[in-house]
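Before we start, here is the structure in question, set down as structure tokens.
The first chain written gets the first letter, and so on, giving A, B, C and D; residue counts start at 1 in each chain.
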Amino acid sequence: MAIFKRKISIQSEVATGFGVNSEDSSGRFYDRKSGSANVIKRGIGVLNRYSWYHTMLAMPRTKFLWLLLIAYIIVNLIFAGIYYMIGIDHLAGVNQGSDIKNFSEVFFFSAQTFTTVGYGRISPVGFAASAVSTFEAFLGLLSFAIATGLFCGRFSRPRAFLSFSHNALIAPYKEGIALMFRMAPYKNNLLSEAEVKVNLAMQLEENGKMVNRFFNLDLEISKINALALSWTIVHPINEKSPLYNFNYTDMVNAKIEALVFVKAFDEVFSNTVVQRFSYIAPEVVWGAKFRMMYHADEKKKATVLDLNKLNDYEKIELLSPVITAQ
Amino acid sequence: MAIFKRKISIQSEVATGFGVNSEDSSGRFYDRKSGSANVIKRGIGVLNRYSWYHTMLAMPRTKFLWLLLIAYIIVNLIFAGIYYMIGIDHLAGVNQGSDIKNFSEVFFFSAQTFTTVGYGRISPVGFAASAVSTFEAFLGLLSFAIATGLFCGRFSRPRAFLSFSHNALIAPYKEGIALMFRMAPYKNNLLSEAEVKVNLAMQLEENGKMVNRFFNLDLEISKINALALSWTIVHPINEKSPLYNFNYTDMVNAKIEALVFVKAFDEVFSNTVVQRFSYIAPEVVWGAKFRMMYHADEKKKATVLDLNKLNDYEKIELLSPVITAQ
Amino acid sequence: MAIFKRKISIQSEVATGFGVNSEDSSGRFYDRKSGSANVIKRGIGVLNRYSWYHTMLAMPRTKFLWLLLIAYIIVNLIFAGIYYMIGIDHLAGVNQGSDIKNFSEVFFFSAQTFTTVGYGRISPVGFAASAVSTFEAFLGLLSFAIATGLFCGRFSRPRAFLSFSHNALIAPYKEGIALMFRMAPYKNNLLSEAEVKVNLAMQLEENGKMVNRFFNLDLEISKINALALSWTIVHPINEKSPLYNFNYTDMVNAKIEALVFVKAFDEVFSNTVVQRFSYIAPEVVWGAKFRMMYHADEKKKATVLDLNKLNDYEKIELLSPVITAQ
Amino acid sequence: MAIFKRKISIQSEVATGFGVNSEDSSGRFYDRKSGSANVIKRGIGVLNRYSWYHTMLAMPRTKFLWLLLIAYIIVNLIFAGIYYMIGIDHLAGVNQGSDIKNFSEVFFFSAQTFTTVGYGRISPVGFAASAVSTFEAFLGLLSFAIATGLFCGRFSRPRAFLSFSHNALIAPYKEGIALMFRMAPYKNNLLSEAEVKVNLAMQLEENGKMVNRFFNLDLEISKINALALSWTIVHPINEKSPLYNFNYTDMVNAKIEALVFVKAFDEVFSNTVVQRFSYIAPEVVWGAKFRMMYHADEKKKATVLDLNKLNDYEKIELLSPVITAQ
């Protein structure tokens, strides 16, 4: 593995915000699905460590709705308990019966207060029950104000909605080879002025110690006006590339990870959106090229983009003198 | 059509995000009215393919309000069905009568619960009806929280509100000619730092195959401080222009499309807004110039911009040696 | 006025988005108070010409609240009319009396429905009244969803909250003179990365015709890190300045207007804010300099900024050979 | 203190927006906790001076919620007073008793109206009480619309959530020394494209008068792609540094303050966030270096960042010829 000792021009090195000591990192730098960094924070209280708003925004939709429903039930159980302790006589109109029936009547009264339905069949009499219900109605409206704020936040949270090909390919390119992968927008948002940056993380031996190094990969095209169809990102592997003369085994040994960062302007939201993705050595296919994933539909006078074909590639022999290993 | 074979300097070529094979595209690249790309997506489920929030935001106002009303009626029909199945005896105060009358009573009770009006003439008794109404009131508030979020999103969605002249003109300009079109803001928003980019798509023959090529058009002025009046965009057709020596027939044959992209800062929203538009060959008028569309109003001490005149032009003979074809 | 015929280097000319023919403009370009351009739009329907959302956002607070209240009363009057036409017998619990008393009962029932209070003393019976109240409750919630959206928009609308000195001064500066004015933030917002641009509009004689010309004024400092105190903008009047060798009468004759555009980053909103202002010749004071408007408060360990002193200046003799005219 | 008289290259001087006369400033420029400038504004009315929206947004959460609750109680007390003056006979269903009992009944009726619960046990009869309750319900919904707007604003207010090391260090760096401090994100937000600027404020003697001067400090790395782990900011103290040849006593005498400004892109909010911090001479430790604050967790395949260690440093002897003073 003498190759890892060779001096790589410092000019293409970049500061990624990740540590240099390879002992201090393990596994991927980026989680592939969420695009977030594989970092665990410790040392301060859990309440300080989480921005509950960020948590609420990043939560999947179904989980978020269940959370609201469960919170609604718990709050009503608590208030039902309070009304029950104050005494069922302070609520006019309750159909008294067994303890369970009484408690359920009180629970439903609480819900009618919290949601401000207030049918009025059951209504508070006396100071204690009235005061509690006055506070509960306030809390109810406040809660729904907060819920509305959360919905606003979740709705207006800009996301890029980009799909990436599962594999990156080492494909023929001009006289040599290139690292290629592609992406496509899969929703009805409209992205323009898209820009992509690819950093390569690898472990190199320096002074007998393994260290992480990060390099910027030159791209054939790194900016496009509109991201309407698929976009194939091409990094030519030439003398200036940190991947020059690497074969598959070298990639695995150097634990390479291509860190992809896409930034675009969403024209519906009028906001900048970003997305991250990464490829590690076992996800790189040697000697393959992508198949076209769009074609003209003459009848509809439009271009059809088939998202199922995002990772469609065909094997192809590389003519370059690079040793293919897979 | 030997002209299409000539080598055009690669320097003005741009990556637009559209495909190169002319077989893979048909018709316009941009839909003229909405400014969105003429691309149809396939291959993944319709639910994944649409961001319902983007859909809700882009929907016309009237359609959106009807949708809300219809959803309101459907939800109440469903809950009315549930209450009806539970039994009308579980709702105190119903004026019983025919089946239809009973169902309508139940329907109105559902609406009073969903909107949290809760008059209380009809009110639930017994566990089942109470539980359902407890859930319905929760769902009602949640729905209106979501509706509020959607209104927030629709309201705060920044749009440029720019009108474009229906035609682009080939007009006299200095010693030669220029491609001109104009735009004007038609609402009471305030745009500043406006910037325009024009790309030209054309089909050229390369190695016996028709390919799409995209060029950046140099503009006389591409940035202005404030977009308060009309703005005429001028592309001088000189040696550096990809349209140099074209006549009208050439434009039609090359299936040219001028892709216009405007970006500005809306001072009321404090947000960046963008708008797209496009011109194809049949929309280009040869030998014409725009008439002034604003004049001073001495009484009101202001400049009057007449939006009706946006496409007002007069025919004019071109002195340049270019062959006019229309 | 031979001075206006002199050729001014085209390099400092800028595109402001205003017209060139001086006949087509009258009065100031910018309204001083609102900072918006003095342009009146005509030619399309008033509904298309106004973005009602922009109107609602730009409206003064008191006017906006009155508008909501009046709309609330009108909507209830309309619905009261509908219930009254359906017949007061369809509303159970109405204390019947004179026509006016009946109508007021119906009006209050409408309000209780629209706001979803729904006391239930009065409640609809029969299909027609129930259906109308079902729709009214829906409309009520929708209206408040829209109102909430408007409040969100009004609240989150970023404004710079900058005050400008009423006068611009011609003050001594180094060996010569300079045009100076100053601004200060007057609220508890936090502006950083402030940037200012000043364009000068003037009417020049060209080929026997008066035309508007716009020039960029070079500033001593045009960017600062934080706009925490007052900021004096300095344009040195040297050979490169379009105001070089002007005296007060020249300024009046050329109808100069200094168009000021400030852009900053509001750290509370995390948004870019802009503000416009302008000075015309009669607002320029010849031979004066600003007095300091802040001082250290040793007790409170802070700098005190006295906003009352924003326009405080003292007259001073200009040593330069410029003819002062005021 | 002859050192303060030496001429410092004007090239690194920056406009910070703070005054030059040292008499006009006292204490720190930036409040360390809030990051806001130590400026007090005077001279215009308190209502004009505060943007109540900014105030509501910047207020701590608990204080904000108490404020809402207290406002709720006060509004209900006022309306209760009005109903009480109109006369308790205009409210049907009140359980009359002592004055206090009557007032509390009226208070609870007010709350039921304001929150639109409207049980209906108590309901208004007659014009006056009905009209007031009609207005109160309107006001109630409006208030909650405003509260919702404030919650939206508070939630979506982007903050950087960065912690800074309490001390800055003078640490060995290459052949010389450097000023170092570090920061770390402490919440689950995701920052990318982070950029840091450090300005140094110091008091210098110029023409026998003490003046404030501001310098830009060159940083080893001032931009990183992702701020996922801790980030140590390094300013090498070489010939170009305004701190060159300073010792601890010099720093104290010159009243230096390092003004730190961080700007990053929050990928969850898709918004730019900024944060300020500052270090003064007594907060600088001479001869120390930071200990690592993250390590690999092999089991969880992630990097662990221990926020407790943010200010962990060890004393180290400086080999450079600089006189250490602490």
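The working rule: contacts are C-beta pairs under 8 Å (C-beta built on N, C-alpha and C of every residue); 3 or more make two chains touch, one makes a residue touch a chain.
The structure displayed is predicted, hence computed values, not measured ones.
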Message = For the identical-sequence pair chain A and chain D, what's the CA-based rotation angle in degrees, nearest 5?
response = 90
Copies chain D and chain C - interface residue numbers shared by over half, same or different = different
Task = Return the distance between the CA-based centres of chain A and chain B, expressed in whole Å.
result = 28
Ask   = So what's the Cα centroid distance for chain B and chain D, whole Å?
value = 39
Message = Where in chain D do residues touch at least two different other chains?
response = 112, 116-120, 148, 152, 156
Inquiry  = Using the touch definition from the top, list the residues of chain B that touch chain A in their complex.
reply    = 14-19, 21, 23-28, 35-44, 48-51, 53-55, 57-58, 92, 112-113, 116-120, 123-125, 127, 130-131, 133-134, 137-138, 140-142, 145-146, 148-150, 152-153, 156-158, 197, 199, 259, 261, 271-274, 276
Message = With touch defined as at the start, can you tell me which chain D residues reach chain A in the complex?
response = 65, 68-69, 72, 76, 95, 101, 104-105, 107-108, 111-112, 115-121, 144, 147-148, 151-152, 154-156, 161, 186-190, 192, 194, 221, 223-229, 231, 265, 267-270, 292, 294-298, 300-309
Query = What does chain D use to touch chain B in their complex?
reply = 116, 118-120, 148, 152
